[in-house]
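In order of appearance the chains are A, B and C, and numbering begins at 1 in each one.
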């Protein structure tokens, strides 16, 4: 991967993505994908072995909206704050496709408990420049953690 | 928020700020603010509800210097090392004002104990370009943590 | 330190370095140094006092390759995943020398255990532009941690 002119824009897009979730603005989350965009969360173990089982899978705006609505309105869980640390961002233009990678760490604070690491891993993305700005065609969230202390109640 | 030409300079200023604290160079810390600069540390809970109670509040160079002196010379605590991880930096020029935001995590190492998360959260800043470089007009440190393992002995 | 034109390239080099280790591609690691490149891991305590004792020390391609081979093939340890978070990157051109600094945090996931902080600290580097890209002339890994939960089985 080599740096591309879009670097800074992708970086800012990644930070905006993180803040949509951390600020509890989940209904905006589906709009960060293209209409047919896909999103999945998969363990590194399964990803490395080519096994298909995911923790979460959404294909297209309908499923993304459904998931955002469930996270924001339906699911029941103790109040908590998430903080996404996005680092090691790498962007490449591969044969007309804009590809991005980054490391993520989600720090979780459940009311009355110590702030801890919920999970960490890597984003593997295909991106697209649209009239409305950069959007995700595909986001694969590959998490390292083999044991997660609590529930993944929001999108990562 | 959209990226601005000052992006890289603000980023470098944020890293310089972090290293002033992590390297124990606290007497330099007040000089990172303008003469009338304000600094406060407030919980996300209070910040989100508009409640005024802060963990720390300094207004102007005198109070900032007083606080730095207390941290460096007066307070008594076990030897420790802080490491600021600054990520998700976003900078915007809003109506003539230079505004910045970033996520921070402070990792603390107390001698003989495991390195742990002290607290994490978000900086919300107003910045100014001065002849001496970028300076903070206002830094609000909004921390997510509801329980902090130990004391916040330095500025965040 | 002030920002230099090489900033973005050094940043991308740092992220490539991290992913070589995190992706288990250790045999590539020595090639990130110049032929006579040196690498050492030292505690902040010893570094600050000018004491020479290191946790790891390699001088030149032979020792680096030896170390990479030992990490990848000889040493015996439970399966684990490392995730390097590289932040607070600062680059300077000092009298013809390209110097870099960054904060690092290594998050470790041992199979069946919670993801935790292995260690954190600071890279202090001398870099060189070669025909093959940026390379490390010297990397000093100064870690804050006084107690490390487990073993440092890979290069940091």
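The definition used in the following text is that a residue touches a chain if its C-beta (ideal position, glycine included) is under 8 Å from a C-beta of that chain, and two chains touch if they have at least 3 such contacts.
Please read these numbers as outputs of a predicted model, since none were measured by experiment.
Think of subunit A turning onto subunit C: fitted on CA atoms, that turn is 120 degrees, to the nearest 5.
Both copies, subunit B and subunit C, contribute mostly unmatched positions to the interface they share, with under half of the numbers common to the two. Note on chain placement: the centre of subunit B and the centre of subunit C lie 27 Å apart, centres being C-alpha means.
Touching of two or more other chains is recorded for residues 85, 87, 117 of subunit B. On the side of subunit C, the complex with subunit B involves touching residues 1-3, 7, 44, 85, 87-90, 103, 105, 117, 119-122, 144-147, 149.
Of all the residues in subunit B, the ones that touch subunit C in their complex are 8-9, 12, 14-16, 18-19, 81, 83-87, 107, 109, 111-117.
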